[in-house]
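All chains are identified by letter, namely A, B, C and D, in their written order; residue positions are counted from 1 within each chain.
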């Protein structure tokens, strides 16, 4: 499988900050979720498509590594890499300062596909998703 | 209609704070939502009951008044008053320091009932809700 | 005083949604805060400048009006209008669908300037802020 | 070092939910932060004490494992275990359904102490913190 890579830009907002005046550590999960949705939109298989296919991708594991703090107004770039789609959807992320390229944060998420009705785990991707990845 | 009053206690968490080391102003909407759900649970007509009755209560207006800042670890009490249920669900809130009684925040929410299928506004409450209020 | 108007564009993210699959009502305070910070940046008097001037603008009141729900991926535009800076900073907001112009949400915030050291309320704006507004 | 274990109880709030009507995955970082602050309060070395000692404990890594979804109103218990304080503060967490004991979520956080002024990493704990742990 080819490793799809996408980029997502964002800016640190005031409401993301904690009393140390840096991004509160939990908010990075928002940044990488936004980047993941953006990747899926670029591939052409979105949350809406998943719903239509009666499937969902709940997060199973997540590894987070905080390298440097991020500050108010800082422009960040999330580089996402689609590592695998079967047996599970694995995406890795690096967040960098948009200007300097300095690394801020790294993460890796694993999501396991389920049948939305039965809640059963599925270890293969929907053929539409695979086709969209192939076409990308 | 009798004015039902309920109390809900909470403690300010670290993740609620902003760079000024006080509760970020938007988080008060979480505090009063928790208090509102607690009131509805005490009355006996919850979010689950609304869903079963194919109805929902989206927020239509909200007035917020910030009186004093709240700090990490501070224990707060939300006093909620059910002002009306028809034609709209109106609840008012006062948040006080649990110990000193000092006022921190006041708010008033208006929610308009809708039919979940048609999304049409409904200006009467479901009879089950009215009955539960009567019995309270 | 001239009424400064600015526009801020955003996209509804998955993490903004509630179980009704619409933006959770409290998240609009994030949208208008981002728009407000954007306006202050355009004027040239930011959170950093306030800190350097030993001043802050805590929110005193906020009126919110929810007109229509917003959905996943929807592109929204926040139109902000600086209504006054003295005796208090008043900004009004209209959030519209970026494409159709349909109104989604309206709000008005009042912030009262304080001296960061004494926490005393100040009913005049810092001259730097006034100058920046004049120059805008 | 003795392994301190503490328990923290919480209830899933409406604002914690996502469109799947389960707790949004990022909100577990709030639950374990609340549990961590509760542990530190029980030990007697809080965020305030850290500030007074000119030190802080930013999160360096976090491993998250999602086992089962959690639902509106569900009562959860976070069991936290202090694994080590030197060279880094490591805490592990298990979140269970309070009634059934069913496992919902597991995590492990590593925080590295810094000098708040120089931002330099410190691989030993403050003696006050060690003393409080000993006394616990």
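By definition in this document, a residue touches a chain if its C-beta (ideal position, glycine included) is under 8 Å from a C-beta of that chain, and two chains touch if they have at least 3 such contacts.
The structure presented is a predicted model; accordingly, all values stated were derived computationally and were not measured.
Participant: List every chain that touches both chain A and chain B.
Facilitator: C, D
Participant: Can you spot which option in C-D, A-D or A-C is basically A-B again, with over half of the contact pairs the same by residue number?
Facilitator: So the equivalent interface, with over half the same contact pairs, is C-D.
Participant: Can you give the whole-Å distance between the Cα centres of chain B and chain D?
Facilitator: 29
Participant: Could you put a whole-Å number on the gap between the CA centroids of chain B and chain C?
Facilitator: Centres of chain B and chain C (C-alpha means) sit 24 Å apart.
Participant: Any chance you could list the residues of chain A touching two or more other chains?
Facilitator: If we look for residues of chain A contacting two or more partner chains, we find 14-15, 26, 29-30, 33, 72.
Participant: Which chain D residues qualify as touching chain B in the complex?
Facilitator: Within the complex, chain D contacts chain B at residues 13-15, 29-30, 33-34, 37, 41, 46-48, 72-73.
Participant: If we count contacts the way the header does, which residues on chain D are in touch with chain C in the complex?
Facilitator: 14-15, 17-19, 21, 24, 26, 72
Participant: Going by the contact rule set out above, which residues of chain C touch chain B in the complex?
Facilitator: 20, 22, 25-26, 29-30, 33, 56, 58-66, 69
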